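Letters A, B, C, D and E mark the chains in the order given here, with residues in each chain numbered from 1 onward.
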Amino acid sequence: MGDPTGPSRRPPRLLPRRHRRPPAGSAPGTIQVAEGAPPPRITLIQYDAEHLEERVLESVGQIPAQAPEGGMLWLNVDGLGDARVIEAIGERFNLHPLALADVVHVDQRAKTELYDQHLFLVLRMLHDEAHVRHEQLSLFLGKGFVLTFQERAGDCFGMVRERLRKTHGRIRRRGADYLAYALLDAVIDQYFHPLEAFGDRLDALEAEVLKQPTVAVVHQLHALKRELLVVRRAVWPVREAVNVLLRDESGEWISEGVRPYLRDCYDHSVQAMDMVETFRELAASQMELYLSTVSQRTNETMKVLTMFASIFIPLTFIAGVYGMNFDPDVSPWNMPELRWFLGYPAALLFMAAVTLGILWLFRRRGWFG
Amino acid sequence: MGDPTGPSRRPPRLLPRRHRRPPAGSAPGTIQVAEGAPPPRITLIQYDAEHLEERVLESVGQIPAQAPEGGMLWLNVDGLGDARVIEAIGERFNLHPLALADVVHVDQRAKTELYDQHLFLVLRMLHDEAHVRHEQLSLFLGKGFVLTFQERAGDCFGMVRERLRKTHGRIRRRGADYLAYALLDAVIDQYFHPLEAFGDRLDALEAEVLKQPTVAVVHQLHALKRELLVVRRAVWPVREAVNVLLRDESGEWISEGVRPYLRDCYDHSVQAMDMVETFRELAASQMELYLSTVSQRTNETMKVLTMFASIFIPLTFIAGVYGMNFDPDVSPWNMPELRWFLGYPAALLFMAAVTLGILWLFRRRGWFG
Amino acid sequence: MGDPTGPSRRPPRLLPRRHRRPPAGSAPGTIQVAEGAPPPRITLIQYDAEHLEERVLESVGQIPAQAPEGGMLWLNVDGLGDARVIEAIGERFNLHPLALADVVHVDQRAKTELYDQHLFLVLRMLHDEAHVRHEQLSLFLGKGFVLTFQERAGDCFGMVRERLRKTHGRIRRRGADYLAYALLDAVIDQYFHPLEAFGDRLDALEAEVLKQPTVAVVHQLHALKRELLVVRRAVWPVREAVNVLLRDESGEWISEGVRPYLRDCYDHSVQAMDMVETFRELAASQMELYLSTVSQRTNETMKVLTMFASIFIPLTFIAGVYGMNFDPDVSPWNMPELRWFLGYPAALLFMAAVTLGILWLFRRRGWFG
Amino acid sequence: MGDPTGPSRRPPRLLPRRHRRPPAGSAPGTIQVAEGAPPPRITLIQYDAEHLEERVLESVGQIPAQAPEGGMLWLNVDGLGDARVIEAIGERFNLHPLALADVVHVDQRAKTELYDQHLFLVLRMLHDEAHVRHEQLSLFLGKGFVLTFQERAGDCFGMVRERLRKTHGRIRRRGADYLAYALLDAVIDQYFHPLEAFGDRLDALEAEVLKQPTVAVVHQLHALKRELLVVRRAVWPVREAVNVLLRDESGEWISEGVRPYLRDCYDHSVQAMDMVETFRELAASQMELYLSTVSQRTNETMKVLTMFASIFIPLTFIAGVYGMNFDPDVSPWNMPELRWFLGYPAALLFMAAVTLGILWLFRRRGWFG
Amino acid sequence: MGDPTGPSRRPPRLLPRRHRRPPAGSAPGTIQVAEGAPPPRITLIQYDAEHLEERVLESVGQIPAQAPEGGMLWLNVDGLGDARVIEAIGERFNLHPLALADVVHVDQRAKTELYDQHLFLVLRMLHDEAHVRHEQLSLFLGKGFVLTFQERAGDCFGMVRERLRKTHGRIRRRGADYLAYALLDAVIDQYFHPLEAFGDRLDALEAEVLKQPTVAVVHQLHALKRELLVVRRAVWPVREAVNVLLRDESGEWISEGVRPYLRDCYDHSVQAMDMVETFRELAASQMELYLSTVSQRTNETMKVLTMFASIFIPLTFIAGVYGMNFDPDVSPWNMPELRWFLGYPAALLFMAAVTLGILWLFRRRGWFG
């Protein structure tokens, strides 16, 4: 099941390491990009039912200020390494400075914020690699536009882009809220891949625990529990974030027709939470199983030792007695047995009797059950 | 109580294994049937207070588009292996695509969804075999019709069909909501069979733990806890699903007269949850009992070893001393005891005294209590 | 503190054993009496402020259809072994079939159901015997009548009957709701007897754990926890059941004057729950105490063994060396010590020095603290 | 840290021992005084802004039926040993029989009951002695009067009485609700004394656990947890009781000006709960610390034993081999080593080599880390 | 990882030690300064969009009674050692006596109180030193003024003062509510520094537990859990305190424009809570990891001992037998083996066979896996 000193022992950090929090008391809405964050790469998709235009923008200046008449605009930014780009986008689309600050502070919990100008959604994306990797997705939904910011390139939106490119797709005839839903749905669906991998790892670990409980298994179980904590922090608040969307009855941002789709998202987030909790219980139960198995093995090892020791220590003593050098010549009391005709066989018989007595004792205690 | 390597050690997987989740970001409402799912077998029951017609449909085309005038229609589909059949039924009865997608994604939690055209209910059926097996039941309740989809043939609706066949049964004179209730009730009632089996297994395991705690018992306890997790995932959300039905005051889907029956279902679901929780507590308590028993046994094994060792090791040492070969001839200081007249009896007496001293020490520590 | 194999080890089953659940999907309201249930014995008390009549009814036909003008009627049925009797009573008093079915399915949780014709209350009575025994009480409260159904003879209503028999008692001048309250109050008050017995048992067990922790104590602790689960299942839902009564503001079933009395019942049920939870915590704490005591004892047993072994095993080795038979005659290197003038005393001194060294080592580790 | 068999091991009983509960089903409002309860001692304080009169009443007859015109009356009863006195006071002030019954049944949880004639408050007072002692305080607040009932003499109201005696005190110019608040506040403030003592005890125990974990420490920890359960049962319901006062918007019993003071009480009760919970967590953490320390010590004791045994047992065996009496005279195969010129030094060297080998083995396992 | 007896073992006390609680029953609003509290140092900042004045006040008399026309006033008090100063400020600004009492009783939980004249906010500041140190901050928000009271000099408001000093800063053009928000925000942001330190400590401890679990690690883990309790008590109630601010819809104290900023604070407090809980889970999981590792190590130590003992004890016995001094001269039965030609080699072979047998036994038990 692997090497306890290998890489599998180091689950991801719970907090992103290079996160540069501005000093306490700084003005709110300060855009301070994380050290080492990759430079932004901006891709634009503009579409309506008839047309679709997709291109990579070279500079901030190319960003259109608003969606084309009757059409939709999706601007995706991969990489948060340039504060000026993010601020420029913020100005173009009139984004709230607090929301913009949350975009670059990439350790937010999933949440929905209703601002006057737009709706702001934070989600954590999970990438299903050797270990669970997580990344913040910030999504702005406004009149005719959706903006998404990701920490780095690589996402789970490939299928959404595919659907957009098809002229006849439903997604082309729906509004920005439907696009936002489609992205949200893709993020939540993506959760199930690492979750299913957890299920498989738990099954494998269980087989190990049942067969041969070693310290390596416990280390892996601990690593898995740690990763589950990461997943849980990503998954739990999603339900509430979707619920805020659903509770907004005004219909300003979410149209009536998109509502059932969001309810579907809500169900999925509940299902994901449910799986996380089930896996946590399972991991706890396996740890318990491990501990009780080790206890039992210690007990059995003890029994083996005790039986060996309890049988042979008295025998060795008897042999020791007859190995004493008292001189039978000086006194009839000094070990006369040594000169009896049947002294040796008698001693052996005595030892056998002692052995049987002790075995009988153990049998009565049920040690052979 | 069985072989720890036998089949009883492998409880069912928590997730159905062959479930083919569409890739993240796919269009919602995609009907992607699970690999290896059996082909659908459609049975139709049409009835009113006077007549009842029951038959197996050969093709999708035979499905009536709606219930007969003043009558009810129950269409049951066993097997979800053909997307076209499911889509055809969806079109006939105007089912919401999201609901239809949930039908084939067979790892839903129990839930109630109110759509404009129909009510959609998901439940998990438990089958009481060697191990708990679970299966998704999807139920649509519309004006005059009930549609049910099951993963495979074999259900707990035999008694409901019997009641339908009797001309004078109350169920024949009631609406589709009553039929839906009857099916829901049958599913919930079915939960109690595996639950009662759990009770018996826990009783048997407890007797084992009290008598002879072995690793096999812990493995079985763990397997039982795992199965309880499966049952719990099935049972817990049912209460909420029924509650949604009860909270719907509009009376659009559930008529006033069926309400008390649903309250009865609600009670049963609470009772099932209560049993699950009680069994979980009991299993936890038995694990604790096991651990403390093993600890105590280890302690007692230790005592036996310590007593044997503590008594005989000093004695063996004394015997060893008198087995040394110092030459009494060269010096009066060299083991003169060996030539004393009562040397041997004195040595034996000394050993006896040491033994008594050690026994007295143990008695004072209360090791014989 | 008793024999672990004795009767005290078997707490009551969590589920009544002979409960015959009708097959899943049966028509609701099926009256299927439990196998082996005793035949019903019906007692009738009719009273108003002036008169009281009390008698045992021979047959169902003798049951009056309603309470006498301006008076009250209390019909008590002990034993649920005859479905026809129960159905006959149901018809006479126009009881809802679902409520009637709950009467014979004697594993209901405590609950209050408001039907159009009557109020239906289920409670679990606890009998304070060697082990807690529980029994279902079903109570119907209608206009001028109270019906109670018990599983078997023997209840806690003796004092209520006494109060009814006294002409001047308040209970004689009040309505059926007050009688229902009095019965409810008696059932809840009865809970405190086994609860107080639990307190005494826990005190006794604690003394045992502190004095001499044996496996028998753990078995008793486990049995107690199991019984607490039974009591908890009986007690917890009572609060909610009483609360439903209190929340019913219509005043249809509970008059304003009886309300403060029900609040008192509510308080008592909260108090009982509080005691159950406290006892559960106490039992958990004692189990923990037991485990840590056993751990500590194992550690101390180990220390004794280690000290004995660590001191005598090296000594025995030294003695063994001088018991070797190398021939000093063939070589001056072969154990010349054996022929030294002070060889033996020197060897003994050496052994003493080794002993002191080891003892000093243990002292430094703090093993004598 | 004390003697495990000493008095510190017996925390207070969770239930008052001599509590005589009336038999189940008794008429509600029965005043049945507890056996051995001290006789009542009644003190009366009558005051308005100008005057204050304070005296001990000799008999029930001296109790004024109501407060003086424009003034306040505080009647305090220490000792509940005389049912007639309590009933007489009940009649004078028109107290509800159920409330009066709660006064003598001294195991009530803290609660607030709104009756038509008066407000009824139950609190548990904690006395900070060697062990936490608790006592029920019953308080009636009516128009112009406050009645308090205590189980025995001795309370925390000394400062309140002092404040009343000062002519210029705010308390003299306020109504009965302010007096009730002042008493409630004194009771809650008193909670912090035992709580702070718990903090000190936990600190001392922690030092013990870190230094030398003995069974005595565990016993004290268990005793502390038991006492915390007592305190918790007293403190938890207070918050709700104060909350009921605050929620009563009618202003009938609590005037608007007293409300902020009650909010202060509410804060204090939350703070007390918070401390109780923190201490419970701390105690749990210390128990865990204890267990892991003992486990570690057992492991280290084992290591010492294993090292001693593993080194010397093989050596002893080698010495034993050369102590065998095979006769080198009869055969060149029979232990020729015994007659080698360097037989003895060779044997010693061999033993040294074995020892080094075993030590190297242990080093490789990291046992000297 | 450090010395278990060193300073790192003593986390901060949960309760401030020199807190002088007034005796139970004292008049509410009593200002009783804590013993040893430092004398107050009052700093005043008055500002509007154009001007800013900042100075240290020498005496209470210099405190302006209100903010300048159209401007804001921030009075900060470091040190609560002089009751007269605090009372004087209370009179000047018309502060409620209960709030003023809470200022000096420095163990309040975070809370928001709405008084008629002002809003009162209590927060706990965390200082990120070797160990977490906490301090109470009391904040009054009134018309045009903010008052802050700290236990001692040194705070996290440096950046806020910087922003105030800049003429063009947003903070200069906003009201007192924005200043209060800025201070609140600084306090909450400060929480993340110790929290991130906890993350690092947990990572370091985990590495230790995985590598070499010693008692020192457990002591550090316990210390960390204790500190987490301190942080948790500080952080948890903040969310509710901010929520009270957000729920106040009147807009009397918090203007509409400041609301989104407070929501941001709310998010941060939730995030801090979330981190605390995650760290608590992680610490619990590490303790479990530690325990299971120690159990496993004990088991392995046992195995080593058992193998050594089980192999050599029988061998030693055999050697002992042939060391017995039965005299082969007196009887052909007395150890004739000693004189066999191949006696010695045969004995050695027999020993080798026994060893192999025992090793085979262990192999079959899987002890070499």
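Note that contacts are C-beta pairs under 8 Å (C-beta built on N, C-alpha and C of every residue); 3 or more make two chains touch, one makes a residue touch a chain.
Note that this is a predicted model, so its numbers are computed, not measured.
A rotation of 145 degrees, rounded to a multiple of 5, brings the CA atoms of chain A into register with those of chain D. Each chain gets one centre point, the mean of its Cα atoms, and the points for chain A and chain E are 24 Å apart. Chain centres here are Cα averages; for chain C and chain E they lie 39 Å apart.
In chain E, 291, 295, 297-298, 302, 305, 309, 313, 316, 320, 323-325, 335 are the positions where the chain touches two or more neighbouring chains simultaneously. Think of the chains as beads on a loop: from chain B toward chain C, the beads read B, C, D, E, A.
On the side of chain A, the complex with chain B involves touching residues 156-160, 163, 169-171, 182, 185-187, 189-190, 192-193, 196, 199, 203, 210, 260-261, 263-264, 267, 270-271, 274-275, 278, 281-282, 285-286, 288-289, 291-293, 295-299, 302-303, 305-306, 309-310, 313-314, 316-317, 320-321, 323-327, 330-331, 333-335, 366, 369.
On the side of chain E, the complex with chain D involves touching residues 4, 9, 13-15, 21-28, 96, 98, 107-109, 111, 113, 115, 212-215, 218-219, 222, 225-226, 229, 233, 287, 290-291, 294-295, 297-298, 301-302, 304-305, 308-309, 312-313, 315-316, 319-320, 322-325, 328, 335, 337-345, 347-348.
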